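Listed after this line are the structures, all set down as structure tokens.
In the two complexes below, subunit A is the common chain; its partner is subunit B in one and subunit C in the other.
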Partner chain A sequence: MLAVLLIVWFALPLVPLALWAFADRWSFPSAIPTVWGVDGLDAAIAAGGPAASGRSFLLGLTVALIATPIGALAARGLVAGWAPLPKILPVLLFAPVAIPPFAAVLGTNVLLLRAHVPPMLGLVVVLVAAAVPYTTFMLRTAYAAHDVGFEEEARTLGASAGQVLWRVHLPLMAPALARAAFLAFLVGWSDYLVTLIVGGGQFVTLPMITASLAAGIGNDSVVAVLSLTAVLPPLILLVLLARTGSHRRP
Partner chain B sequence: MGSRGKRGMANPNPDPVNRLRGARLLLIVGMIPVVVVVVGGLGSTILQSIGLMPLVGPVRLSVDAYVSTAPALLSSIGTSLWIAAASTAVAIVLGATTAFVVVSGGRLGRIVGAIGAVTVSVPHLIGAATMGLLLADSGVLPRLLGIDATAWPALVAGPWWVAVIAEYAWKESAFIALVVAGTLLTRVAQFDEPAAMLGASRGARLRMVFLPLAAPALIVSATIVFIYTLGSYEVAWLLGRTYPEPLAVMAIRLFNDVSLSSRTESAAIAVLTVAISLAAVAVAAVAMRRSAVWR
Partner chain C sequence: MHFTPPSSRRKWRTFATATLALGALVALAGCAAPSAEATSAFTDWDSVVSDAQGQTVNLWMYGGDEQGNSYVDDVLAPAAAAEGVTLNRVPIVDTKDALNRVLTELQAGRTADGSVDLVWVNGDNFRTGSEAGAWLCEWTPLLPNMRNVSATDPLLGSDFGTPVNGCEAPWNKAQFSVAYNSDVVADPPSTVAGILEWAASHPGRFTYPAPPDFTGSAFVRQVLYSVSGGYENVPAAYSAESFDQLTPDLYTALSDVAPSLWRGGDTYPADVDQLNQLYADGQIDMTLTYGPATLTRLVEDGTFPAATKVLSIAEGTLGNASFLAIPANAAHAAGAMVVANLALSVEQQVAKADPTRWGQFTALDVAALTPAERQQFADLPQSTVVPSFEVLSRNANPELSAEWVPAVNEGWRTRIPTR
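Right after this comes the complex of A and B.
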């Protein structure tokens, strides 16, 4: 019973997306759309949905590719004890989640503008900083449970550092690295405020066009289509992640 | 160990001290974005708020920005604290319940875990959009329940910020569940199964096994949720009313305002929000120290 209520709690907010996305007309008291169709899809394409989705994906990917190795280095350095400033580093690493996003964004934006940093670079820098606490947290647990014995064994048997990294370390850490990368991807994929302020309005992402349409009236079906577009890619990645996770487990 | 350089390719056993130095250097380079945002961003916000980093005009130390925003600020702080406290409270209760159901296992538990993970991956702005479609007076929920638009309470843009709190509680309960269940999955079984075998009821196991073990993860994730909801912009902007403004909405409006003094006022609001967040961190740290049952 409890489980069923929780399923309703998590699933109910997603119901409007599935209904409105294919509703050409939905007069008020009716419980289901009055005319089904794909007008919403056409409007989403006309509003630049595909290109904006591509930009969001690229942003998520860029953040993941930078924040995951940083998180891995920080996590391993902290676990193995070679990280510099072992007292200050964790505070610095986790500070981005202790500071409200808008507060960090406003100050950073002014700083980056004064330093003449291009908006796109600034955008990536701020989002990477926002993602690093999550990748570090995820990978710190993984490195704490990681047995360096396999790597030492490989070294003893004559493997080079590069071989150990590519053929022992990365395969062993792959599931945790993939989970960390997924979290970092979400930071870029989901972002609205940083893209708006630091990106300076030049880089129009999926959340940005969804926001401008959702703030208007009568855009319900196009908003639903764009929202579904924003929900599906993480969902697919999540399924892939669950699969690789179960394959790796002995 | 931990070497990411290519130095080891030729020589199978290079000097480990050198390899560590390389890794340390890489880590320092990798920390640059964090330092820019945390030290640089926060520092420049503070400097701006006290007039030491003006957009134009002379550099002059003053607390004008804090004084001029004070009247509106009190109601903004109240609004933001209400939204954050209510969202966090609901998210803790539902998140902990979800984690308990997930950790208890079974088919339904797995389904709850899966749909919770999906919820975590939904962007907040998209959550706000769909919550608006669900809860507005012509939304999907009144349609499904057959309630007339005039009889439906003002959940979106209403006096109690219900739609805003619902969106945060929805997303963040899934986040709390994920963190708590993740840290507990292995740990709880060792205590829960013996307790069940010895005849402890579900309620007793919840109180005496699950909650004490979950407390640290619950405190950490709830603190993250409180700070996030205190300073989040887009959900309150989309689903909230125009007055009183939550802190983030007021700060961003002032930031984009054309008048010159509004930038410093925006920075002052940011500094105050950071101060409230740090107070929340301090409270959490005390709670953490008291609750650590394992260590």
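Right after this comes the complex of A and C.
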């Protein structure tokens, strides 16, 4: 019963979005679109939706590929007790989430510009900093539950450090790493503020074209198509994650 | 087994120290303040054109108008490519985003390699940028196509009271307009005072966005002209005496009509989008716009009622122009000038004025063009919704100076009761 309620709670906001996406015309006070069609889809393609989605995907992927290993190292260090400043480090790692993003991004941007950091590099660095708290805290829990006994056993049996990492450690941690990477991916995939301010308009992503079109009147159907495009990939990834996660769990 | 050989611990420390040192260095580096006003380094058009070859110009513009986006992508950008300049449109939610980017770069001492090359701008944003020395100036006289523009046009000489001073090239003209649903409004008013009377006799069917919204604020200034007996009686330059003398009637008129507005004047739409939405949903019968160009599409695609028409207002309405400005630190200023010049060509202005394309009123002095060029404007299809610029701009009212705007907005906030 609770599951059904939850699904309704999450799906309900998507219903008008799905209707608007295929409404060429929806005049008040009709309860459903008055003319169905794919004008919204055409407009989304004309507005550069496919290329922008590709860029967002690339950004999400890059952030995930960098923030996940960093998070794993930090989590491992915190759990094993070899990380420096064990009291302060978690606070520092969590700071990007705690500080209001607008203030943090504006301040950071002046610094990055002054240091002549290329906008694309700055964009990735700031988004990775924003994603590391999520990956660290997700993986910290996983490492706390991780039994190093398996790895010690493998070493005793003569496996090299590299073999232990690839054949024992990573397979055991894969579900947790995938979940952490998913969170980091979302940070890049859905970002608007950092892409605009730090990216300096060089990298036009899906949230940027969606937000700019949403600022005008009469764009409901194209905005609905773009918003659904933004919701679907994470949803698909989430389903895949849930399935592989349950298969691989030892 | 642990992944912590002592050496990695030392490496971590070294890395942390290096990072901190780098951060401190960066914070100390470069505190160059922007100069008061940057002027173009070019002295002749040929060197601009040769410098522009191969440049990519980043045009930052409000992206909420699909027709505007497709005009730039499908008409202006290919024409720029033919002149050797790649035009890249950066869609933004608000023109302030572009200005903020420029100001941040200047603050960081990046005075020559900025990421914004061209901005579609006017009014408040232009003034803020001018005060901060954020624009490149005195470059528009270089543009050959400036000959198509009237040198004495007051709308193009000053932008909401801020002297243009060659810091921005004309792009469009716009006229404040009131659209109404002619199926419902049987007796369309023909004056601003008439609109308020109509609102009073049709409770709940009219409202305006709360200032400081751009359009709501323009409507309040329009009422100020009306209660003062015409724009001639309101001095364009702001003074406290004029304000104290003229505005009591304004706020009395707006307070008197408030109980008859949408939701009894308890609340007002926060911006022009909300106002347009109310009109689209049939909750009110009139809407206001400073950009009537978009009305044609909104009626065609069914967002607005099919019977939407534009009121003809006897005493005229506010007119303004919008411009293309080049930031003082633009990396591709030459390319930006080529695009600004192109935008002032007859072909581009005709294409942009076509209601099926965008319908923006031309900034050119059509009367001074050759007969063949004039004919191109005359041959444009007529919008079924929006009257021609000649009709709409009859008796056009000049804008007040920018200082009036915040004063009138603040007066509205303190004197018009909302719940």
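Heads up, the rule we're going with is that the second predicted complex is superposed on the first by the 240 of 250 C-alpha atoms of A that agree within 3 Å, B and C clash if a C-alpha of one lies under 4 Å from a C-alpha of the other, contacts with A are read in each partner's own complex, and residues count from 1 in each chain.
We adopt the following convention: a contact is a pair of C-beta atoms (placed from the backbone, for glycine too) under 8 Å apart; a residue touches a chain by one contact, two chains touch by 3 or more.
No experiment lies behind these values; they were computed from the predicted model shown.
Undergrad: Let me test your reading of the model: by the given contact rule, A:L121 touches which partner, first (subunit B), second (subunit C), both or neither?
TA: Touch status of A:L121: no partner.
Undergrad: Check whether A:L193 is in contact with subunit B, with subunit C, with both or with neither, and answer first, second, both or neither.
TA: Once the two structures are laid over each other on A, A:L193 reaches subunit B alone.
Undergrad: For A:E151, using the defined touch cut-off, is the partner it touches subunit B, subunit C, both, or neither? Pick first, second, both or neither.
TA: A:E151 contacts both subunit B and subunit C.
Undergrad: Of subunit B and subunit C, which one touches more residues of subunit A?
TA: With both complexes superposed on chain A, more residues of subunit A are touched by B.
Undergrad: A:V222 contacts which: subunit B (first), subunit C (second), both, neither?
TA: The answer is second: A:V222 touches subunit C but not subunit B.
Undergrad: Just checking: does A:A104 make contact with subunit B only, subunit C only, both, or neither of them? Give me first, second, both or neither.
TA: A:A104 sits against subunit B, while subunit C stays out of touch.
Undergrad: Applying the touch criterion given at the start, work out whether A:A43 contacts subunit B, subunit C, both or neither, answering first, second, both or neither.
TA: Only subunit C is touched by A:A43; subunit B is not.
Undergrad: Give one of first, second, both or neither to describe whether A:P84 is in contact with subunit B, with subunit C, with both, or with none.
TA: Both subunit B and subunit C are touched by A:P84.
Undergrad: Going by the contact rule set out at the top, does A:A211 touch subunit B (first), subunit C (second), both, or neither?
TA: both
Undergrad: With the two structures laid over each other on chain A, which partner does A:F28 touch: subunit B (first), subunit C (second), both, or neither?
TA: In the superposition, A:F28 touches subunit B and subunit C alike.
Undergrad: Using the superposition on A, tell me which residues of subunit A are in contact with subunit B and, in the other complex, with subunit C.
TA: 28-29, 76-77, 80, 82, 84, 106, 110-111, 148, 151-152, 155, 161, 164, 197, 211, 214-215
Undergrad: So in the complex, which bits of subunit C are touching subunit A?
TA: Where subunit C meets subunit A, its residues are 1-4, 9, 12-13, 16, 23, 26-27, 29-30, 58, 60, 62-66, 69-70, 73, 90-94, 97, 100-101, 104-105, 107-110, 115-116, 273, 276-277, 280-283, 294, 297-298, 301-303.
Undergrad: Residue numbers of subunit A touching subunit B in their complex, please.
TA: 2-4, 6-7, 9-17, 19-20, 28-31, 66, 69-70, 73-74, 76-77, 80, 82-84, 89, 92-93, 95-108, 110-112, 125-126, 128-130, 132, 148, 151-152, 155, 158-162, 164-165, 186, 189-193, 197, 207, 210-211, 214-215, 220, 223-224, 226-227, 230-231, 234-235, 237-238
Undergrad: Mind pulling up the subunit B residues that touch subunit A in the complex?
TA: Those residues of subunit B that touch subunit A are 1-14, 19-20, 23-24, 26-28, 30-38, 40-46, 48, 53, 55, 94, 97-98, 101, 106, 108-109, 111-112, 115-119, 121-134, 138-141, 143-144, 146, 148-149, 166-167, 170, 173-174, 224, 227-228, 230-234, 238, 247-248, 251-252, 255, 266-267, 270-271, 273-274, 277-278, 281.
Undergrad: Within the complex, which stretch of subunit A touches subunit C?
TA: Those residues of subunit A that touch subunit C are 24-29, 34-35, 39, 43, 46-47, 76-77, 80, 82, 84, 106, 109-111, 113-116, 119, 148, 151-152, 155, 161, 164, 196-197, 200-202, 204, 208-209, 211-219, 222.
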